[in-house]
Structures are given as structure tokens and as C-alpha cells.
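Next up, some structures in C-alpha cells.
Shared chain: chain A. Partners: chain B in the first complex, chain C in the second.
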Partner chain A sequence: MFLSLTRDEKALVQRQLGRKVTPLEWSIIDAEWSEHCSYKSSKSLLKELPTKGARVLLGPGFDAGVLDVGDGYVVTIHVESHNHPSAIDPYGGAATGVGGVLRDILSIGSRPIALLDPLRFGDVTKSGHSRWLMKNVIRGIAEYGNCVGIPTVGGEIEFDSSFESNCLVDVACVGLGQADTLVYSQNGRPGDQLMLVGGSTGRDGIRGATFASRNLTGNEKDRAAVQVPDPFTEKLIIEATLEAKEAGALRAMKDLGGGGLACAVPEAVSSGNCGADIDLSLVHVRESDLIAEEVMASESQERMLYVVDPKRTRHVEQILQRYGLPYSTIGHVIKQKVIKVRKSEKLLANLPVDLVVQAPLLQRRSLKPKSRRVQLDPPRSPTNMGEIVLQLLASPSIASKSWVYGQYDHEVGVRTILKPGAADASVLRLPNGKFLALTCDGNSKHCSISPGLGAEGSLAEACRNLACVGALPIGMVDHLQFGDPGDHEVFWSFQQTVRGLSRYCRAIDLPCVGGKVSFYNEDSDTKIAIKPSPVVVVVGLIDNKAPKLFGFGLKEVGDALIIVGSTAPELGGSEYYEQIHGFSGGKVPKVDLRNERKRIENIVKIYREPGIKSVHDCSKGGLIVTLAEMCIEGGLGASVEAEQIPAKTRQIDELLFSESHGRFILEVNRKMVKKIMKSLEDQGLPVACIGQVDDGSHLRLKYGGKTLVDLSVPEMKQRWAEAIPRLMGDIV
Partner chain B sequence: MTVAVVRFPGSNCDLDTLYVLKRVLNTDVQLVWHQERSLESYEAAILPGGFSYGDYLRAGAIATQSPIMKGIRDMARKGKPVLGICNGFQILVEAGLLPGALLRNSSLRFMCQWTMLRVESTASVITRRLEVGRVLRMPIAHNEGRYFLPENQIEELDRRGQILLRYVNNQGLCNDESNPNGSCSSIAAICDRTGNIIGMMPHPERASEKILSPFHSDDGLLIFRSLLSQIQGGMTL
Partner chain C sequence: MASSDYLIDVVIEGKPGARDPEGEVIQRDLIWKNGFESVKSVRVAKLLKIVIQAKSAKEAKMIVQRLCDELRIFNPAAHSVHVALGKSQD
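Up next, the complex of A and B:
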């Protein structure tokens, strides 16, 4: 049998048990001690992230983080990825990734209400393989999410050749519940029945957790480690589980994800300080000839493990029968802290729970990479600014993603108020009259040059997105995706990333309530690791029962355009360097952590002021792209004087394309300009009026008395809107 | 005067429809599980959107075998309104209660977007309170929404006033660009010969509150109000 355990780990198991270890026991430990399940390389560093906050009811280490949104309601949040399965089978891998994260949200007793999908692919302008991956990943997400009826309300996509064979497919889910009816896993008691509910157990996805914990081989046999999606069964599980929960019949529950039963059974009972006794011959299976190791390790989808009060099993069975869901009672909770696995009468495994769930942590070495050769002559400033802006608008990372979110049902649930594409963050209404804003971000280009600054910056951008819809950030989950942690330089970038995220969280008092780590992401041919890709998902709350909510499209001719924040010569990792000059290097934008909290809070406050018509943050592509997006979305023109931009540079390409953090463009009613500017100046924030909204349907930018940019809005819109459909072959 | 919202396994707009009827329109409404056989105590039935039976086999096909379809057919026979929205429309077509077929969108992709719809006929319980030519805004969200019927039958459908809504552009005109899914004759909603059985692809329940609409419209309410006024008035067309 192939085991991914190291020699030391095997010796430790043998020493602790003091007897011969059975094959089934090996496979249980192998699954639970995999990187995917045990976080053995990352756990000690992740402790640096702040996890406490006034709204945090449950932090990292559980199926989902729980945030209090008032009036007895909670929002739950979790993020997962399905990178390796999606690289092999993009449709099935992405779809089952959605299924998995939905069940995490369900496991805690909350109803999933929204999905977000941060995605990373290779260079789709050059690679047919990456286009194939992208097309099918998106179809997989869409068909699964649409069918279960959970709206996909947001996401983001980056393109970089480091993701050519190892695409990153992340999915975050947000749930809604009530604080007093959540289901916590420590509630199981001896005598409780263990019910396995949902899809039958088969050979699909055998050993998926260990598959995810090593490098991709490009081996066709890996395809068997990808599971088969069945969103219909998932939908039934969601409804039946919530009904059983409402009836108060579920003491605890656990979804079956990575590691299958081998992980779900110990995890369902360990936090309640109990054990379990299960009989594999009772499991409802798809194939009759499965051996015990296969039943335990199968990652067949759409399965839940219920811990049921023995007096209520009849009631739960009735609910499951009504939904036509298969189930089997496979054992019960025992007082002794051991996991006993039988097949009929034969005892095949008898392992202490603590041994199973407490994998020994690894101390990984980190090594700062030797400073990369920095190009001394950064690209010279070009003269054809207008053409460059058009090229940036048509570059896949910046171009309209409506081809993508148009395939996602983002309206089901009748909660989606600000929809994808209309604003920097999506906004959902909550039953208590408040509003929830959701966004996700990542920037692997910044992170590859400076993992620490890139991580801070990704969080900063997400928080700015929330501020742009008037929401204060209340909690985040992170997904940290790297190459092989045994590579000291890779591990160094991981360490820098965690520290960067921690610094930002502390600066604005933002708790991390959960997350996920995915290592071993590297190109199967070149063996080069992906660019460091921390992705953050941040939720914000609009604590105001009747807010005006608006997107970033320009609204009215004659309004003033105000910029908040200062522009610095920070073109490192910018779309301008990467897309236009093919240059990777330079100085990465740095967040002004000292003033960040004040900045976010002030934008949230300003958003509510009368006279504010739109707010948009500056990010990928820089200030000029921000302005172009506002023009395109609003169908209006603008004229801007670049001299007015508060900046630490006077070089035009740095002014226009630098991706400096902490900047926002506001559209403000003329009459309110003075008041708004004064209130921001009083806070010590750099602010300037840089232009106005025009009816000429042109975006014009002047610098030094010359018009450097003069682009028609319809032309910009066409280039921006058609880029992705053209790449995907829908426009020829 | 109770409206039934029928819940098939895999329905996912059931709660949204229930919410709008109950909370926005203050109507007496109930979810009815598909294993019921009778809808006798209800005055109207709505088959909501979603993916009944996961759309396995063909969208709407397996749901036609559910026990509740007997109740639906009884209702239809008695002239009580039956409204199928999205997947509900697909089920009514599969059940033979409405003519035609709903094929895969011409884009071969799921489409979720807001559309403009022109009222073509008032000969149905959902349009009887509207005027012909009025343009409504409602979103669509479907993979199989391309309405198909042989051309000669389309003409007949049109002549009988059974074409209720067509997709149009900003100017209220039909053309290829305004037709999101490639439907024959830009059809978005139809009814049977009595005007009591209606199928529509757009989602009125997603367009019944101004806050949900990018255009601050609530045109979906016009559809529901028209239906409710019918059963409140106790009239049949």
C-alpha cells in the first residue's frame, strides 16, 4: 500500500501503539496526517493571525468561522480549494469543490446563501490548455451552484503562466444562521448514533486528501482521485439537514470531504472527548467489492455524518426518507477515546483518537531567496498612452468578467442587492434589515516579488472594496496557496505571507475566522512552484437599515471627481509592467498601515453622505483604469488633470499605472465638494479634485498642458467587454 | 383563497416565490410537497424555478412523473390558474400541458441577466391586467430556455393570443440581439388555449421589489397581482 507518511511518522505511530499497525489503521492515519487535513507544516505559523474580535463567535479550526451580525443572526464563512482535482478534471474538480464548501457551511447548522470563486489560470491569450481549463472550471462551478440554488455573487480571476498546469480553483461560501441553533461538533455524547447520509460510497476520490498533499504528476491515474459531482443530491442534503437541525435532532455533524470517513469519524467525536465504534459492513456502497481501506478513504461526494440523539433517530429517518436520501446507521459514539472500525464482527482498527487527530507538526525551514536580479533600467515611459490604456482594458485580468458571472445564477435567494460587476463588492440583504458585503482578492504578481507586501496589499484591496459599498470589514478567511513546503524558499514566502496578513489584520483590527492552506502547487512539467497566491475573502457589514446603495458607474454630468490617497512610484508587479512591458520586478506597492484603519472608516462614513454618487478603489491597472471603469459602467465621459493628483512622483506612467494602495476615486455633487474635501483633509488624508464628469462620452486626461489620453467611452467599453468572449471563441 | 407553491426535489426558487407572495403581497400561500396527489383546496398553483430532479434526463422531464402532477392536471381541467416559472415552464411543456419545447440556449451556456419583455397579449391570467406593448423588466436564469415550436404553429399561437411576453431591446423591439437565448419568435412566455396555464422563463419573484432591481422596478408584481386578482375575482376567461 502506498503511504505518504514519512519514515519518522511511521516510527512514531508504531512506537505509540506498541504493536503491529493494521493496514486499515495505516490508511486512517495516512489520511488524517496528510498536509491537507493536519496542517502539519503551517499550523505553528498560522497561530500568528489574530482571531479574536467582538463579532467572532467561532474562529479558525472548525468547519466555518462564525460572525455575529446582530439580532440573533450569524454569518458563517469558509473557503476551500480544489486545485489538484481541477487541474486533472476541471469540470468535476471545480464542481465538487463547490459541493465541499457548501457542506462545511451546512455542518455548523447554517444555510449557505452565497458563493464566491477566486480563480487563477495560465496565460489564456497564449495557452489553449488554460482556456480549456477556464471554460470547464467555470462550467463546473456554474452547473453545481446553479443547481443547488446558491447564488454565486462574486469572485476574481488572475492570469499568469505560473498557473499553466496547476490552476487554482478556490471557492468560498457564506452562510446564514441563528446563534442559538448552530450545531457545534463538541456536542456528541456516548450512545449517540452515527448516521452516514447521502450519496453511496464508491471508489471515486479514493485518497484525495493525500493526492492533494503531493505534487501533481500528470499521471492519468490521478483522474480516479477526482470525485463525481451530484448537485441534486447535495440540494436534498441541504434541505434535509436543515430540517433535521430545526427539529433539534442533530447533536453534531460533519461533512465528508478530504479523507472521507477516515477523517470525518474522528473529527466528529474528538472535540466532544469521545470515541466511535463503527461497522463498515453497514455503509451503503456503490460497489459491493470495496475493501475496508477503500470504504474508509473514499471521498465520494454529497455525504454527511450525523451524530444523532438515539431518541430522535426515527424522526431523522423520516425526514431522510421524505427527501429520498439514502442513509445508513454505521455505529455510535463511545465514551472511550478510541476509534474502533469493524467489518461485521472483525475488528480492523482500534486507534486512540488523540493519535489520529494530532499529527506531529513539522518544523519547516525557510530561506530568503537570493535577491532576484533587479532590472536597473525599468521600462521607459511610452508616448502612446491611449493605446496602452486600451490594451490594459482588454487584458484578461482587467477585462469585463461578465462572460463568467453571466453563467452563474447570482440572483437566486432574492438577497443580491448589488450584483457582480456593478460595484467593488457584492451586497446581500440580511433578514435583520442590515446588509452584508462580500469580496475576495489576491495578487500573485505582487506576491511573487514581495510575498509580505503582496499579502498586506491583497487584504487592503479587499477591505477597500468593502468600503466602496459603505461596509466595514468584520472578518476574513484566507486561502494560502504555495508550492512544495519542503522547498525552503517556498516556505519562506509562506512565512512572509502569514506575517503580512497578520500585520494588516492587526492594523485595522480585522479577525481571521478561518482559512485553508494548499501546498504542492507546481507546474507538472517544469516543476516550478506557482507564484505565491494568498487569496482573502472578507465580509463587511452595513450596519444601517436603509442605506442608499450604489455601484461605481458615473452618474451625472458636471459632478466633480475627487481622489483620496497618494500615488507613489510603485509599478512593481503592476499590470502595466507585466502586460505592456512583459517585465516582472520593481517596487511593489506598500500599504500605509498606520493610517489604513482611519482611511477605511472615513470612506465608509463618506459613502453615506448626501452628494456622493459613486466610489471606486484604485487597484489593478492603476488610476487610469479605475477612471475608465467608472466611465464604462456609467456610460459617461470624464476629463482629468493629472497635475492635480497627489503623488510622490511626476512621471506620467507612474501617475497613471502605479497600483499604490489606499486610493479611492469619488464622484461628488459639485455643491458638496468643499465639505467632503474638508472632512477628509481634517483626517489628514491626501485628497484632491482631479476633474469632472463630462457628457462628451470621452475619457480625457491632460498633463503638462498636453492631452495624453483621449478615448471614446464606447470604444473602451467594446475592448473591455469583448476581450474574454473573444478569447473563449464566442466572438470571432 | 390559497395559492400552492409546489416543491419538487431540486426546486430552488420555491422559497423565493413563497416569500414574495407572503411577505410582499400578503397572500395566503403554502408550500406543497410533490408527493401530494391533490391540490383541491387551492385556488392556483405555481411551479417554481430550480432544477427538479437535478434536470437529469431533460429539464423538467422527471418531475412530470411526480404524484402532484395529477393535482396539477385536475386544476388545469377545472380552469384554475397554473403558473410555471422557469423550471416550472419546462415541467408544463414536458407534461404536455403547454405546447412546444424548451431547448438548450443558443449560446450553449447558462445565462443569468436582466431582460426586457414586451406584453404581447392580455388573454391570460398573468397579463389580463396589463396592456399590450407595455415593457417589463425581469431577470432570466436558465440553461434550457430556447422556446421552440414549428413555424406554422407559432403563427397559430400568435393568432390565438397565446404568446404573452417577448424579449425586446431598449426601444421595445424584437431582434436577434434582444433575444438572449435564441427562442423562436423571441418568445419568453406563453399560455394554453384557456389562458389559465402559463409558462414563463423570466423570474417575476426576482423582480418584485425595487431594491432587487438594477432599474428600481418591481414589474414582477404586475404578474402576480394579475394572477391574484383573477382568483380573488373568481372569474375565468
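Up next, the complex of A and C:
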């Protein structure tokens, strides 16, 4: 039997049990002690993240984080990835990834209401393989989300050759529930029945969790770990589970994900300080010749484990029968804190719960890479600014993603108010009349040069996105994706990332309510780790029953354009360096942590003021790309004087393309300009009027008396809109 | 040797042991519900009927097998493919 346990771990198990360990016991421990389930390399560092806050009802360590949004309602949030399965079967891998995160949200007793998908692929301009991955990953996400009737309201994509064979497919899900009817896993008690609900158990996806905890290889054995998505069964599970929960019959529940029953059973009972006694011969299986280890470790999709009040089992069975869902009662909760697994009469495993769920933590070494100290000469500033702007607009990371989100149903459920593409964050209506804003961000280019600053920056961008729709950030989850944690340099970047996130969270009082770590992401051929890829998903609340909501498109000719924030010479990791100069290196943008909270709060406040027509944050591509996006979305032109931009540089490429944080462009009614500028100045924020909205349908930028950029809006729009369809072969 | 047309059947189906939600629904909600309880299993597959000019049946099968592999007409991670000579098309 293949075990991914280390020699020390095996010895520890032997010592603790003081007897011969059965094959089934080994496979249970192997699954639960995998990096994927136990966080053995990351746990001690993750403790540095702040997790408390006035709205936090449940923080990290559970199926989902829970945030109080008032009037008895809660929002739940979780993020997962399905990187390795998607790398070999992009359609099925991505689709089952969506299914998995939906069940996490369901496990806590909340209804999934929205999905977001942060994705990373190789260089699609050069690689047919990456285009194949991208096309099928997006199709998988779309078909699963659309079939279960949950809108995919946002996402984010990066392209970098380090993701060529190890694409990153993250899925975040947001749920809605009521504080007093959530289902907490500690509520199970002795005598409760354990019911396995949903799809039958088969050989698919066996050892997926340990598979995710190793590097990708072309091994044929790995190729058996493919799961077939079944969104229609998932939809039935969602409805049946919520109905059983409403009936008060579920004491606890757990979705079956990585590690299958081997992880779900101990986790469902451990927090209630109980044990479990299950009989594998009762599990409904697809193939009759499955051995015990296979039944226990199978990661067949669309399954849930219910912990049912024994007086209510009949009721639950009736609900499941009505939905036509297969189920089997496989055992019960016991007082003794052990996991007993039988097959008919034969006892195959008898393990202390604490041993199973408390994997020994690993102390990983971190080492700052030497290469980072090398200073490269930055490329020289070019002269053809207009053409460069067009090239940036057509670069896949900046170009319109409507080819992607156009495949997603982002409106099903009729909660979506601001839709993808129209604003920096999507906005959903909540039943209490408030509004929820959602966004996700990551920047592997910045992180590869400076993981700490890049991590801070990803959070800063996400929070700016929320501020741009008038929402205050209330909680975040992070997904931290790295190479092999045994590599000291990889682990250093992980450590720096966690610290960066932590610094930002503390600076603006943003709690981390959950997250996920995915290690062993590296190129299968070159064995080079992916660029450090923390991705953050942040939710914001618009605590106002009747807000005006608007996107970033320019609205009216004659309005003033105001910039908030200062531009610094920070081109390191920028799209401009990468796309135009093929250069990676330089100074990565640094967040002004001291003023960040004030800045976000003020933009949220300003958003509500009369006379504010649009707000857009400056990020990828820099200031000029921000302006171009506002022109394209609004179908109007603008003229801008670059001299007016508050900046710590006078070099034109730095002014236009620096991705400095903390900057916003506001479109403001002429009559209100003075008042708005004064209120921002009074807060000590750099602010300047840099131009106005034009009817000429051109974006014009002057610097030193010369017109450096003069681009027609329709031309910019065409380059920006057609880039991805062209790459994917839809426009020839 | 003269070339002639051969009909080659290409069957693409889920790997053994993989779930087949479509087949399960047909079995459970159509067949079983309507009284055909003796049906033990239903698997849905895709059948490609390819007519190809070749010198022999063996060569025809070989070319089709090669095009399946090279063009990724199936995903080797998720599917199995079976290439066989179909009924003659003379």
C-alpha cells in the first residue's frame, strides 16, 4: 500500500497505538494527516492572522466562516481549489471543485448564493495546452454553477508561464443563513445516527487528498483520480439538506471532500468530543468489489454525512426519498472518543479520535532566496505611449473577461445588482435590505518579487474594489498556493505571504474567517514551483437600505476627473514591465498601511455623496488603463493633464503604468468638485483634479505641453474586447 | 493493393469505475420506474462512426486509433476509447 506518511509519522502512530496497525487504520491516518487535511506545515504560521471581529460568529477551522450581517442573518464564506484534478481533467476537475465548495457552505446550514472563481493559467498567447485548460476549466465551472442554479458573480484571472502545467482553479462560495439555525459540528451526541447521503461510493477520486499533497506527475495511477461531476444530484442534496435542517433533524453534518469518509467521520464527531462506530458493508457502493480502504478513502462526489437525531431518522429518510436521493445509515455516534470501522462483524479499525485529527505539525525551514537581492537595471521609457496603451489593453490579464463570465449565469437567484464587468465588485441584495459586495484578487507577479508586499497588495486591491461600490470590507478568506513546503525558499515565500496578509488585516481591522492552503504546485516538467499565489476573497457590506449603486463607466460629458492617492515609481511586477519590456523585477508597490483604513472609509463615504458619478480603483496596468476602462465602459472620452497627478516621480512611464496602491479615479459633477476635494484633503489624502469627461470619444493625455496619448475609444474598446475571444479562436 | 472504404466504430466512454450520472438517471428514473427491474446497469457512451479509406481493415483501425490519440478526441484522464471495425459499407 502506498502511504505518503513520513517515517517519523509512522513511528509515532506505532508508538501511540502500541500494537500492530491495520491497513485500514493506516489509510485513515494517511488521509487525515495529509497536508491537504491537516495543515501540518502551515498551521503554526496561520495562527498569526487576526480572526476576531464584531461581525465574526465563526472563524477559521470550520467548513465556512460566518459573518453577522444584521437582523439575524449571516453570510458564510469559504474558498477551495481543485488544482491538481483540473490540471489533468480541466472540465471535470473544475466542475467538481465548484461542487465541493458548495457543500462546505451547505455543511454549516447555509444556502449557497454566489460563486467567485479566481483562476491562473499559463501564457495563453503562446501555449495551446494552457488554452485547452482555460477553455475547459471555464466550461466546467459554468456548467456546474449554471446547472445547480447558483450565480457565478465574479472572478479574476492571471496568466503566467509558471502555471503552464499546474493551473490554479480556485472557487469561493458565499452562503446566506440565519444565525439561530446554523448547524455546528460540535452538536453531535452519542446515539445520533450517521447517514451517508447522495451519490454512490466508487473508485473515483480515491486518495485525492494525498494526491493533492504531492507534486504532479504524469503517473498513470494519478490519472485514475478523476471524478465525474453531477450537478443535478448536488442540487437535490442542497434542497434536501436545507429541508432536513429546517425540520431541526440534523445535529451536525460534514461534506465529503478530500479524504472521503476517512476524514469526514472523525471530523464530524471530534468537535463534539465523541466517537463513531460505522459499518462499511452498509455504505451504498457502485462497485461490489471495493475493499474497505477504498470505501473509506473514496472521494466520490456529491455526498454528505448527516449526524441525525435518532428520533428524527424517519423524517430525514422521508425527505431523502422524496428527492430521490440514495442514502445509507452507516453507523452512529458513540461516547468513547474512538473511530471504530467494521465490515459486517469484523472490526477493521479502532483508532483514538485525537490521534486521527491531530496530525503532528511539521517545522519547516525558511530561507530567503539569494536571487531576490539582485538589482536589475529598469528598462528605458519608450515614446510611443498610445501604442503601448493599446497593447496593454489587449494583454490577457487586462483585456475584457466577458468571454469568461459571459459563460456563467451571474443572475440566477435574482439577487445580483451589480454584475461582473460593470463595477470593481459584484453586489448582491440581502433579505434584510442591505447589500453584499464580493470580490477576489491576487497578484502573482508582485508576489514573486516580494511575497509580503504582494500579499498586502492583493488584499489592498480587493478592499479598494469593495470601496468602489460603497461597501466596507467585513471579512476575508485566503487561498495560499505555493510549491513544495519542504523547499526552504518556497516556505520562506509562504511565511512572508502570511505575514503580509496579517499586517494588512491588522491595519484595517479586517478579520480572516477561513481559508485554504495548497502546496506542491509546480511544473511537472521543470519541477519549478509556481509563482507564490495567495488569492484573497473579501466580502463587504453596504449598510444602507437604499444605496445608489453604479459602476465605473463614465457617465456625463463635462464632469471632472479626480484622482485620490499618490503615484510612486513602483513598476516592479507591473503589466507594463512584463508585456512591453518582458522584464520582471524592480520595486513592487507598497501599501501605505498607516492611512489605508482612513482611505477605504473615506471612499465608502464619498461614494454615497451626491455628485459622485463613478469610482474606479487603479490597479493592473496603472492609471492610464484605469482611465481607458472608464472610457470604454461609459463610451465617452476624457482629457487628462498628467502634470496634475500627485506623484513621487515625474517620469512618464512611472506616472502612467505604476501599479501603486491606494489610488482611485472619481468622476464628479463640476459643481461638487470643490466640496469633494476639500473633504478628502481635510482627511490628509492626496487628491487632485486631473481632467474631465469629453464628448470627443477620445482619451487624450497631455504631459509637458505635448499630447502623448490620443486614442479613439472605439479602437481601445475593440482591442480590449476582442483580445481573449481572438486567443480562444472565437474570432479569426 | 487497392484501397477501399472501411467503417470504424469509435466508442468513447467513462473509465471503468467512473460515475455516469446520465446512465444512472436513465436506469433509475426511466427504466426502473417503468417496471424493467431486471436491468442491472446502464452506461452512456459516445459512438463515432468513421468511414475511412485504407488498404486494409487493420490499417483503417490503426489510423483511427492514431487520430483519436493525437487529436485528443477523448480525455485519457477521464475516458476510455475503443476502436473496432463496424459493419461493412460496400
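Basically, the second predicted complex is superposed on the first by the 725 of 732 C-alpha atoms of A that agree within 3 Å, B and C clash if a C-alpha of one lies under 4 Å from a C-alpha of the other, contacts with A are read in each partner's own complex, and residues count from 1 in each chain.
Methods note: a contact is a pair of C-beta atoms (placed from the backbone, for glycine too) under 8 Å apart; a residue touches a chain by one contact, two chains touch by 3 or more.
What you are looking at is a predicted structure, and each value in this text was computed from that prediction instead of being measured.
After overlaying the two complexes on the shared chain, residue contacts for A:Ser395 are found with neither chain B nor chain C.
Of the two partner chains, chain B and chain C are each touched by A:Gly324. Touch criterion not met for A:Ser614: it reaches neither chain B nor chain C. In the superposition on chain A, A:Thr76 makes contact with neither chain B nor chain C.
In the superposition on chain A, no contact is made by A:Thr241 with either chain B or chain C.
Looking at the superposition, the partner that touches the larger set of chain A residues, chain B or chain C, turns out to be B. Touch criterion not met for A:Ser42: it reaches neither chain B nor chain C. Residue contacts after overlaying the shared chain place A:His410 against chain B, while chain C stays out of touching range. Contacts of A:Gly202 after superposition: chain C is touched, whereas chain B is not reached. In the superposition on chain A, A:Phe232 makes contact with both chain B and chain C.
Touching of chain A by both chain B and chain C, each in its own complex, is seen for residues 230, 232-233, 324. On chain C, the positions that touch chain A within their shared complex are 14-15, 17-21, 25, 28-29, 72, 75-78. Within the complex formed with chain B, the residues of chain A that make contact are 139, 142-143, 146-149, 230-233, 235-236, 322-324, 405-414, 416-417, 419, 422, 429, 730.
Those residues of chain B that touch chain A in the shared complex are 9-10, 12-13, 16, 19-20, 33, 35, 49-51, 53-56, 107, 109-113, 139, 141, 143, 203, 205-206, 209, 211-212, 214.
Contact residues of chain A toward chain C in the complex are 88-89, 91-92, 132, 199-200, 202-204, 223-224, 226-230, 232-233, 286-287, 300-301, 324.
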